[in-house]
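In what comes next, chain A is part of two complexes: it sits with chain B in the first one and with chain C in the second one.
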Partner chain A sequence: MTLPKDRTAAQDRTRRMVLLSIWIAILLGFPLWWKTTRVYRAELPFDEVEQWSQWSSCRPAFPLKINVHLSDAVSLPGSVNPQQQHEAIVSEIINKVQSSSPSSGSQNLPLEVVLVDQAWRGTKEQDILDRPSAVPGTYDFYISPTSSTSKKTSVSIKSQRQGWIQVADWTQDQISSAVAETLERVFGSERTKIQKLLDRQDEEEAAKVKTAVKYASGYQLTFSLFSGDTSNGVREWKMQEAINTYMAPFLRTMSVVSKFTVESQVQHYASLTFQPDLDATAKEYYLTPDKLPNFINTAEWSLASTVSSLPSLNFLVYVPPADQSPLVIKSGPGAPPSKTNSFLIPRWGGITVLNRPANDPILTVSELEPVMKIFLSQLRDLLGLSDLSTSVPAGSFPITFQKNEATSMTTWELDQLLRKRISENLVDSIKTLGSLARLVADTPNMVVLDPIQEDVTQALLDVKAACEKVQGSSSSSLSTGSAVEEALQHSRDALEKAESAFFDPTMVSMLYFPDEHKYAIYMPLFVPISVPLLLSLLKELKKWAAAKKEAKAKASAKKTAGQDADAEHVHDRKEEAEDRKTK
Partner chain B sequence: MLQKTSAVFAAAFALRLALFEIPGLTTLLGGRVEISTPITSFKRLSEGVFLFSHGVPPYDGGVVHQAPLLLGLFYPIISSALLVKLLYILGDIFIGYMLQEITALKDKDSSQEKKIRQYGNKPEAPGMDGLTVAMLYLFNPFTIVSCVGMSTILFSNLATVAGIWMGMKGVRSLAMFSIAAASYLSLYPSMLVFPVVLLLTRGVVDESLVKKVRIQCAGLYLASLASLFLLSFVLVGSLDFFRSVYGTILGVSDLTPNLGLFWYFFIEMFDQFRPFFIVVFQIHVFIFALPISIKLRKSPLFACFLLSAVMGTFKGYPSVGDAALYLGLLPVCSEIFKYMRYSFLIVNLYMYSSILAPIFWYLWVYLGSGNANFFYAIGLVYSIGEVILLIDTTFAHARREFEAQSPPEPSGGPDLGWDRVVAQK
Partner chain C sequence: MRHTSVSTVLTLSVALLALTTAPAAATKDSVPILKAPEAFHEELVLKPLNDGSVYSHFQFTTHIGTMMDEQHLDGAASNLFTHYNLFPRSIGQILHSFDVEELHLTFTQGRWQYGDWGYPLAPSVGTGVELWAWLNDDKGQTDLNWKGLTNTLSGLFCASLNFIDDTITTEPKLSFRNEGLYNVHSNVNASSADTKRLRYGSLPHENVCTENLTPWIKLLPCKTKAGIASLLKSHKLFDSRFYSMSIHVRPVCEDELCRVKSLELVQSITTVFDVARHDGSHDWTLIGLFEREITQACPLASTSKIVLHLPQTTNYQNQYALTPAPAKGTHFIGSEEDKQEIAVYDISGVSANSSPFELSMQWENARPKSVRPITPGIVAHRYFTGYGQERGGLSIEIHNNNSEDVESVYLDTLPWYLKLYLHTFTIDLNGKTLDNQRDLVSKMFYQPAVDRGRPAVLEMALRLPAKSLVKFSISFDKVFLKYTEYPPDANRGFDVGCAVITAELPRQQGQIGYGGLDHLRIYQEREASQVQSRFNSTRGSEDEGLDKIRVYTETLLVSLPTPDFSMPYNVITLTCTVIAMFFGTFFNLMMRDFDVVVPKESKAKGKKTT
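Take a look at the complex of A and B:
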């Protein structure tokens, strides 16, 4: 094998150049590798989230302002100085409230009792009803000696944040204890609930099936008439009028909490998935409670609303076909049927079975009235509006509630709902942010983009704003209802922002991405390329080192021989080339 | 000879004209993903010209990915179907003519070199003559469907071949301008700058002169490119086309399936790794330019072929039009054919994928009885064919070089060729 020496050298040079050009391209690729696979992580305010979960910077509190109006129809016995006496009554009320409340949650609903100097003249109920309080969290108690013949203390809670306490004995002690007990009974359970909620001690409650739907700024109400078949003769219903009459006032009042859109539909030939049992003795068909979960024929009844993205609540009127009428809900044959003939599906809606004569094709407004009443109470439950008249514990005197005729609720309950929703939203937002913080901390591969940082920051700002608003709603007696509503708005925004950050698709996709995946991605690509490249690089380096060493050895050997350096250099090169060739 | 030449070109012209006249064929071929890609589709070009002629910025909508000057070229003639067809047909025929000329120039070159002796001291048989090369291009089914499907890759191919032709002729300015135009039209041909500069400096012994020519060429190339960009800017009035044309070519943002390797990969890719792998894939295409040019600096024409095949295989939006280019350049280097080992396999792979690609596409998209994997598998087979072609031609070229460098012993003993080295070891 005889290759010209210069050509071998040229081939060597070519090989090195080729290798070098590839390596340069690869080295240029490294910064791009770094840049394109960098896990971008926007800074998230973890500390702040942690602070909020302890409520260390601001603990939401809903101060209540109680205006006590004393009747001057009868003067208090033993009064010397009315000013001193008023102060005494106020401090006594506060003392009694604090001593009678077993829970330590008073900081969540701090009471401020004010005895209004301007005494209340009348003793008539109408005087109270004429003076409503429009500010959430501010309540007026009108106190007068009892006018009834039974001479017993009684309390009547009116619908517009007023209360009328009629005291049996017109003494300072009686007055203060009556007020204190009323306050405790009306607000006590709410206070503990909020306390538990804020301190995350409501786990056992959360585990229970909640009737109320998750809070949203708007709901879609769908009223559906399902007619079994033509035999029952139902053709249409006057739903629009019925809604305007029975639902609209309630929905309007509730609009401070959530907005509602309403739609209705009629569906014919809506068959059940099962045959109701016949109670031959009572001559009626019946549904047992264990069958109720299967009542809705999800396959055939189209209930999904297509028009809006709001969470929807469904209200169904089912008119059974003639051959299954009457249809009642009872626990078994012979048992008394359900009075309302209706049932509620938690977080979904309500259903009423309506039995009616077959000859009338139109469901009139008056026929729908009982149905609408049922739906209204179901809607209250679904929205989490607690009924004070049933939830207030029994005490030494009766408390009666006068609901607003049109809305069938009191503003007391509305205020309670507002406070509950605000605290729920705040707690949920902070919980969500906390989970997000833990998730991001636990997943170092997760990309955190700028929009997420913005969402989190904005959510925290909203939490702060809401918290400050509820605090502030208190201190000034002149504050309007808008402070609480603004707080609700902020808390809602906070929750939306927190959830949009948590459920951001860019984060969800990277939820599970362990390092092994990276090897799986890089290995097939780089191993086949890098092995020959590295090997040839090593080979070249070895050759280069060997050649250098040899040259050095030769140079030192020949230097002693005293030869000319230039000639020696040329000689070396030749030898080097020869060595390479033989290799 | 002249008669024969004109007969061949007339036949190619008539065939294309006849195919253009078959109703619906142009639309059918133009709609095939194997023929038109998002960056070469005539439909998109027409859309761009329409938008342009109505004063709407053509690059706003994300539909048009063709270079602005192409819009400018078609703007005056798009209303006349005949003119458009003639432009395509003549463009294709001109490529054939240039290939013929290139082969002729190369034959002249190699006649000055000493002939490589083959086994048994016989002189190497002459390669294909220019007309055969032109015929192989003009009657290649890939060329024909790409032309009748009105893929705009034709213009990029035209500029590329013109660059090589001018390089062979030694006209620096035109060679560099053509390569710049090809780079301007579809970016990847910018790799051909190196071999074309080698073409221009072939036979030049003086090192300083070579250096001078190189610098001059680099200047010419950059100046041509800059003037093309400037002209485009004047034409469309904005620089949006950079993002829309080269951004799409490099970023592979339109994942319409094609014969290439990108689309399926990036459909399945984790979003986080997308930019990284796009960079890797694109570097992979360009990484070949320098090593091939260095290694094959003695045979730049073959380097031109190899690089066109590399870009036709590994680019983001390959089509059969890219295959038409490198398959047209391959017979120019016909002297390596006898050293190729897998010709049969390669031909079979091309035929296999050409037949099955439309079928699997139909199964996937129209019948729904197949899925994307079917079509991608055919794309893989096609790419394997291309890669084997690359490997085999490179091997054949190296083998021929070896034969040339180590001629067999003039006398005595059996001539073992390549095996001698093995035997010695």
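Take a look at the complex of A and C:
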């Protein structure tokens, strides 16, 4: 028996429609499922981060303003028009600075040389010391003919952003070359350092262990006395007085860059984790440098702060017990002992071993003085304050440096630190944002919540603000002091925001719920549904292809068409029968 | 207007200190520096208990004149320089940064047997961890500070204190008062509003172990290197019937008029060693108890003593021998029945050159012939009633063995997953249900629980009649928790912390603190008499000789309805399978052609015929 042809065709159409509608439902539903089970990822401004890493929109530059004060004690030879002559001297200085300095890096510390019209009348040192410059980035150079008998050019850098240049020959050429050389020697190395930093060419330097701690807006300084034997040794120290005397002025000056909280504690019966070696000939115990990393007894010495979130710097005084003293640091038996008997742990703090007579329970302020001096220099190193007097290269004339006795630092060094910290903060925040961008791009499972997006945007805004502040610090000469500090503030905020985005705890959570789990959960639904769907789709496609072929064949040979259709139908029926059997 | 503002107190204290100590402490530096005297005392109390156990109580007290310092860097935060010597820096930092005025933290393992042992010197003996603190609320940040405090202490002591969150924390109204002369003084001089807040939390399930003891020892000036603390060996301490370790910080007055104030840190360890466990002998030696000996005294300690409460043997004298005998002989305290004999050893002379300190007690026949029984004034027990996982009941029994009525305060904190029904609250007095509950309960504070928000608190001021048994009972429903709220060991059950009864009892021999050791109490007796003299006008003088004690009940374990935790995945899989089956059938039906199969005529006929 044969079915009517139109019925078969109608059935085929219904079947195809059913299949099609199910597939449409699935194809529409799939993106919905994909979207609802996907992790949330806020858009991050990757392009902007990339732009910043090239400094394409703004490159930080720290303009320096040099005020040159010419002494009018002696008039310049051949002076016709003082106005013209001044301009000539300024342009000559600039020319000489530019010709002597390497082309790279000069844009990081652009110099603006101003010859102060009002001539300087003084000739004595005190006149200079009385006129400090309070604005970071603005320096006063006082130039006078040399007063010494040796008749040689000499430069003396005072602590409050002043310099005194004594020129051997009072000529225009001598004056300009002396100023140019001084500027080059004082600022040259800093210029190349900032250049390397901004262009990230300091990789080999970064690979080395850095002594200086990472920048933070505040540090906790902890001074600890570790007494090896409290029964016979020290029990108390006058640290409060010592800090007020030796540390406080320095910390007050440094508070422009970072704030400090200071604490001291005494720990009794502190023991080392190892027994120091005995040098029998010198009758002293010694620590070799390779043992110093194990010096701190982390299990027993309580050094960590329980509440402070500030990075902490530790300064330890260890008084060894009587049966281990004197204790010195030296490379081996017979070697000369370390003069300071102290060492510095990079990014952590400083340690001094103090040998003192037993049975004297109180450590006095005068005993603490040498210790505090060592701690102060260690603190300078830890904060990244470079010593200008050692970093300035030799030249044709000597440059002497004068330090502020109380603070043991100069504002020149402070300015240098400010500039270094701003550049470091900017580079670090952009590096962090870059890493974040790469991390997010590489890890598709990671959740990126809106606060992270806000942090990144805010960090970029802060980077921009800091960059613009330092750029513009020369134009508004009155407010330059605050401009640099504001720039530091912005750069600090940028770094904090960038790090809070990078270390956000919500980013990690979803890493433990990878896509595999999602698929595993939906497997019992997807597999049983997809198999018949795919099979029937294949079947329909086959049929459709066959039908097309048949239509072609029909067109060519109309006679055989009917038989073909019959054959197909029979084939279908056979399949159906088989299906029923299996059921 | 009960409390004064703390800033006033501190300025006052600094100013007063300046008056008393600054001239002496002024150094060669131009600015005089307030150097308050620091002092450290250590004491060990030993008492052989009636059941052959030995009670030991270590107490280390550190006084620091003032935490505040007038000198700091200009422009920076106040109190910039903080210098520590005997006082531990970690505790100082915590107090300062969370604005804590009083802090009490106790870790306890085991259960204190009031009936056999009497009342301990350190009253906090609730199993687990108990933390309570008075926080200054000047800035209205008490909850934030409390959270910071619990988290920081959690880190410091390696304990799960960070789990004391809003769902556990309570603010008792009548218990855990801030007492002592300092507070009396500051309350009398109160000029501002109530600015101190109490926070109380306990974790009954917390285990105490070596990792908690190590940071505790680090707070001691001499660590375990010298003094009586050198006896502390964790192996022996935790191998005991009862172990409790605590720190208490509170401001105190150094003189009666409270001119000089100081901060007091009390660290104590209480243990009950079971010496009779092995051979039934009640003999003990110091080295046998602790497996350590005192080789040198702590040079930082102002006093360093070992106090031995001698056993109260009735009728038979001289049954035991003490070696060495105390240098000053023994002496008696109290009279009549409550007479207590004590021996004091001063160990501040022990040094590396002399022989280590040793102490032993030998009984004539390895055990006493008879002992004087202890009848503690108040004993309380608490238990669950009912069965099943849906509802239950709670019963509390309080025995008053005194021959007088006793004023007391009952505090019970119940987790929110027990839904209390206050109308089911009944009181039985000596087995008879009371019709008028006001006969017993003079005040009652009840804070209903909020789901996942706060616990239920029941606090009552009671007047317990003489020689009575008072029993409370209340019913509750158990809550079916969310699937993620169960702990990993859900079928173990949930711990419910102890209830606390605070009562004023007449002094008696059952109290270990009785007998010359009042200065070791957290609320010192020396203060108590001074406090009383201030209140003499308002209070009757017959109150003298009353001690405030706290009695802790047992912790309880409640089992809540617990689900099958693989359920969510099962549900997902089952649902998916059902949907897949349905879809398969329905899809098959849709995709197939159904023809009517007409059987062949012949066959059909054949079938019919056969």
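Everything that follows uses one rule, which is that the second predicted complex is superposed on the first by the 468 of 583 C-alpha atoms of A that agree within 3 Å, B and C clash if a C-alpha of one lies under 4 Å from a C-alpha of the other, contacts with A are read in each partner's own complex, and residues count from 1 in each chain.
Quick note on the criterion: a residue touches a chain if its C-beta (ideal position, glycine included) is under 8 Å from a C-beta of that chain, and two chains touch if they have at least 3 such contacts.
None of the values given here were measured: they were computed from a predicted structure.
Peer 1: Comparing chain B against chain C, which has contacts with more of the residues in chain A?
Peer 2: Looking at chain A, the partner in contact with more of its residues is C.
Peer 1: Where does A:E87 make contact in the superposed view: on chain B (first), on chain C (second), on both, or on neither?
Peer 2: neither
Peer 1: Quick one: is A:G29 in contact with chain B, with chain C, with both, or with neither? Answer first, second, both or neither.
Peer 2: So A:G29 only meets chain B here.
Peer 1: So, does A:V18 touch the first partner chain B, the second partner chain C, both, or neither?
Peer 2: both
Peer 1: Contact-wise, after the overlay, does A:I521 reach chain B, chain C, both or neither (first, second, both, neither)?
Peer 2: Once the two structures are laid over each other on A, A:I521 reaches both partners.
Peer 1: After the superposition on A, what does A:T37 contact: first (chain B), second (chain C), both or neither?
Peer 2: The answer is first: A:T37 touches chain B but not chain C.
Peer 1: Touch check for A:D450: first (chain B), second (chain C), both, or neither?
Peer 2: neither
Peer 1: Given the touch rule stated above, what does A:T245 touch, chain B (first), chain C (second), both, or neither?
Peer 2: second
Peer 1: Considering only the contact definition stated at the top, list the common interface residues of chain A for chain B and chain C.
Peer 2: Residues 1, 3, 18, 22, 521, 525 of chain A touch both chain B and chain C.
Peer 1: List the residues on chain B that touch chain A in their complex, please.
Peer 2: Residue list for chain B touching chain A: 270-273, 275-276, 279-280, 283, 286-287, 290-291, 294-295, 405-406, 420-421, 424.
Peer 1: For a test of understanding, state which residues of chain A touch chain C in their complex under the given definition.
Peer 2: Counting only chain A, the residues touching chain C are 1, 3, 8, 11, 15, 18-19, 22, 230-231, 235-236, 238-241, 243-245, 248, 251-252, 255, 259-266, 268-269, 300, 302, 305-308, 365, 521-525, 527-529, 532-533, 536, 572-573, 576, 579.
Peer 1: Using the touch definition up top, name the residues of chain A that touch chain B in the complex.
Peer 2: Result: residues 1, 3, 7, 14, 17-18, 21-22, 25-26, 28-29, 32-33, 36-37, 39, 447, 506, 509-510, 513, 517, 521, 525 of chain A touch chain B.
Peer 1: If you look only at chain C, which of its residues touch chain A in the complex?
Peer 2: Those in contact with chain A are residues 27-29, 31, 33, 69, 71, 73-77, 80-86, 88-90, 93-94, 96-98, 148, 152, 155-156, 218, 221-223, 225-226, 296, 298-300, 351-352, 569, 572-573, 576-577, 579-581, 583-584, 587-588, 590-593, 595, 598.
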